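Below, subunit A partners subunit B and then partners subunit C, in two separate complexes.
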Partner chain A sequence: MFKELDPILHSQLRLAVVSLLIGVKEAEFTFIREKTNATAGNLSVQVQKLKDAGYIEVTKQFKDNYPQTTCKITPKGIEAFEAYVQALQQYLKVG
Partner chain B sequence: MSDEKKMTEQESLDLITNMIQKAKSSYHDTGIGSLLWGTVVSIASFVSYFERTYDFSIGFDIWLIVLAAIIPQIIFSIREKKANQVKKYEDDALNSVWLVFGLSIFALNFYQIVVPGVTSKFIQEDGWQMTKHYLDGSKPDEVLIPFPPSFYSLLILLYAFPTLVTGVVKKFKPMLFGAVITYGLFIGSCFTRSEYDWLLGGVAAIICWFIPGIILRRKYLAQQKKHV
Partner chain C sequence: MSEQIQENSQEKEFSPEESLQLIRSMISKTKDAVAVDSFYFLFWGWLVFACCAVEYVLMVYFKYPDHSFVWWSMPVGGIISGTYSARQARIKRSMTYIEEALSYLWIAIGLSFFVLVFVNIVSEAWKTAFTYYILMYAIGTFVSGKLIRFKPLVIGGILNFILAAVSIKFNFANQLLIGALAILISYIIPGHLLRIRYNTKK
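Then we have the complex of A and B:
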C-alpha cells in the first residue's frame, strides 16, 4: 500500500523551501528567495502555507532598521519531510 | 520557481537533492579571521625566533599584536554575523570550539607567566633552589627560576585542535591537512631547541590559518562576483 504524498510538501516551491531549511538551523527570507529563484510574493504565500501547517516557524524582526524574516523548520516539519522522502522512495522503487 | 507545476516523484527527489546541495554550499566564510590570525601569530612567532636566535630586541613584546588582533576580530565577527543570511547547525558548536581555544591560549600564557615565580617561591620555602651548573666549570653556577621547558610546543599542539575540528566539520581539506601537519610540527618541536619551536609555531600558523584563509577569501570573492 503506497503512502499518499503530503500535498503540503508535494509542490515545487514549498518542497524547495523545506529542503533548504532541513539542512540549516535557520535562514532569512532573502536567502530562500535567492536559492529558489521565486518571486517575493509567491514565496510569501507558500511560506505562510508551510507556517499554517506547522512545518516551519517564521520570525519577523528588525535588523539595522530593515524588516527581516527568518524561517526555521519545526520538528513537525522534519517529521513530514522524512515521511515524504520515504513515500517518494517507495514510489521510485516500484517505478 | 512556480508553485503550480506538477512534479513527478523523480523530479521531487532531484529538487530535494538540489536544494540540500545549495544549502550546503552556501557557507560564506570571508576568510578574514583566518588571514588575520595566521598573519599575527606567524609574525609574532618569527620575530620571537629572530630575537632569540640573533639576540636582539625590537623594544616591545611582539605578542601584544596578537592581543591587539582581538579588536578587529570582534568587528569582523559582528559584520559577518550581520551579513550571514543563513545559520547552520554547526556554527554555534564551531564558535564555541574557537572561543575555548582562545581562552585556553590565554590560560596557558597565564600559566607560563605565573608558575615559574610561584614555583620558585615554594621551593625556596622548602629550603632549596634550582641552579644552572656548567659541566666544564667555565662559568660560575647561576640561580635558575623554574620554567616550563619547550613551552611553545604546547601552543603548537593547541593550534592544531580547533583547526582539525573545523576542517572535519566543514569538510575543508586545507584546514584538515594544516592541522595534521601541525601535529607533526608539534612532535618535531619536542625534539628541537626552544628557539626553533618559535619557527615551527610560525609555520603552523601559516599552514593552519593563513593558507586556508587565502583559499577561503578567494572562494568568498568568487562567490561575491557571481552575485554581482
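Then we have the complex of A and C:
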C-alpha cells in the first residue's frame, strides 16, 4: 500500500517553502518570496497554514522600524518533510 | 519552475516527479545563500601584514624602541570590522547553519586573541607570540575552508600549522616576517581568490 502523501506538504508553494527552510537555519519572508517567486498574499496564506500545522515557526519583529517576519522549520516540520520524501520515493520506485 | 509555483499554488495535484524536482530546485537555491564575505580575510589580512612589515622595519632598520605601537591598529580594526558586520546583518535575509557555525568560530578566535594579548602583556610570552597567532590563523582558515569547501583556505590553514611550529625557533624580529608570510598565504591570497570566485559567480 502507498503511504498517503501529507496534504499539507503536497502543495507546490508550501513544499517550496519547507524545502527552502530545510536548507537554512532561518529566512526572512522577503527572502522566501524572492526564491519562490510567489505573491506576498499567497505566500502569507501558505505560511500561515504551515504555521498552524506546527511545521514552521514564525517570528514577527521590527528591524530598523520596518516589520520583519522570519520563518524557521520546527522538528515536527523536519519529520514531516522526511516522511514526505520517503513516501515520494515509494511512489517513484513502483512507478 | 518559479512561475509554475505561483500559478499552481492552490492546486493540490502534482506528480511525485514534479515534487522531487521542486524540492531539488529549492534546496539548490539555498546553497547559493552561503555567501562568505572575503572582506574580513582581506581587511584583517592586509592590516596584520602591514603591521608586521612596519614593525619589522621600525625595529630592525630604525631601532625604534616603541615599535609595537603599530598593534594599536587592531582595536581600530575591530571597530571597523564590527561596524561592517552590523551593517551586513541588517541587510542579510537568511542564515544558514554553516554561516552560524562560521560566525561562532571567528568569535571564539577573536576572544582567543584578546586572551593572548593579555598573556603577552603580563608575561614574556610576547617573544613567541606569533607561534600562537599563526596557530589561531591556521584553525580559523582550515575550518572555514572545510565548511565552505574552498581549497585555498584549507591549504593556507595547513601551511600555517607548519609555520606555527617552525616559528618557535626564531627570534621576535624574524617571527614578524613569518607572521607576515603566514597571513599572506592564509588570509590574503585565499581572500582575493574568494573575491574572484564570488565575482565570477555573480
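Here is the rule we go by: the second predicted complex is superposed on the first by the 95 of 95 C-alpha atoms of A that agree within 3 Å, B and C clash if a C-alpha of one lies under 4 Å from a C-alpha of the other, contacts with A are read in each partner's own complex, and residues count from 1 in each chain.
Definition applied: contacts are C-beta pairs under 8 Å (C-beta built on N, C-alpha and C of every residue); 3 or more make two chains touch, one makes a residue touch a chain.
Predicted model, so just to flag it, every value in this text is computed and none were measured.
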Partners on subunit A (subunit B, subunit C) - clash or fit: clash
First (subunit B), second (subunit C), both or neither touched by A:31: both
Partner chain in contact with A:19 - subunit B first, subunit C second, else both or neither: both
Which superposed partner A:91 touches (first subunit B, second subunit C, both, neither): both
Contacts of A:79 with subunit B and subunit C, given as first, second, both or neither: neither
Touched partner set for A:7, first subunit B, second subunit C, both or neither: second
Common ground on subunit A, meaning residues reached by subunit C in one complex and by subunit B in the other: 5, 10-16, 19-20, 22-28, 30-31, 35-38, 42, 46, 63-64, 85, 88, 91-92, 95
Interfacial residue positions of subunit C with respect to subunit A in the complex: 2-6, 8-12, 14, 16-20, 22-23, 26-27, 29-31, 33, 90, 93-97, 99-100
Contacting residues of subunit A [partner subunit B, same complex]: 5, 10-16, 19-28, 30-31, 34-38, 42, 45-46, 63-64, 85, 88, 91-92, 95
List of subunit B residues in touch with subunit A within their complex: 1-5, 7, 9-10, 12-13, 15-16, 18-20, 22-24, 26, 82, 85-89, 91-92
Footprint of subunit C on subunit A - complex, ascending: 5, 7, 10-16, 19-20, 22-28, 30-31, 35-39, 42, 46, 63-64, 85, 88, 91-92, 95
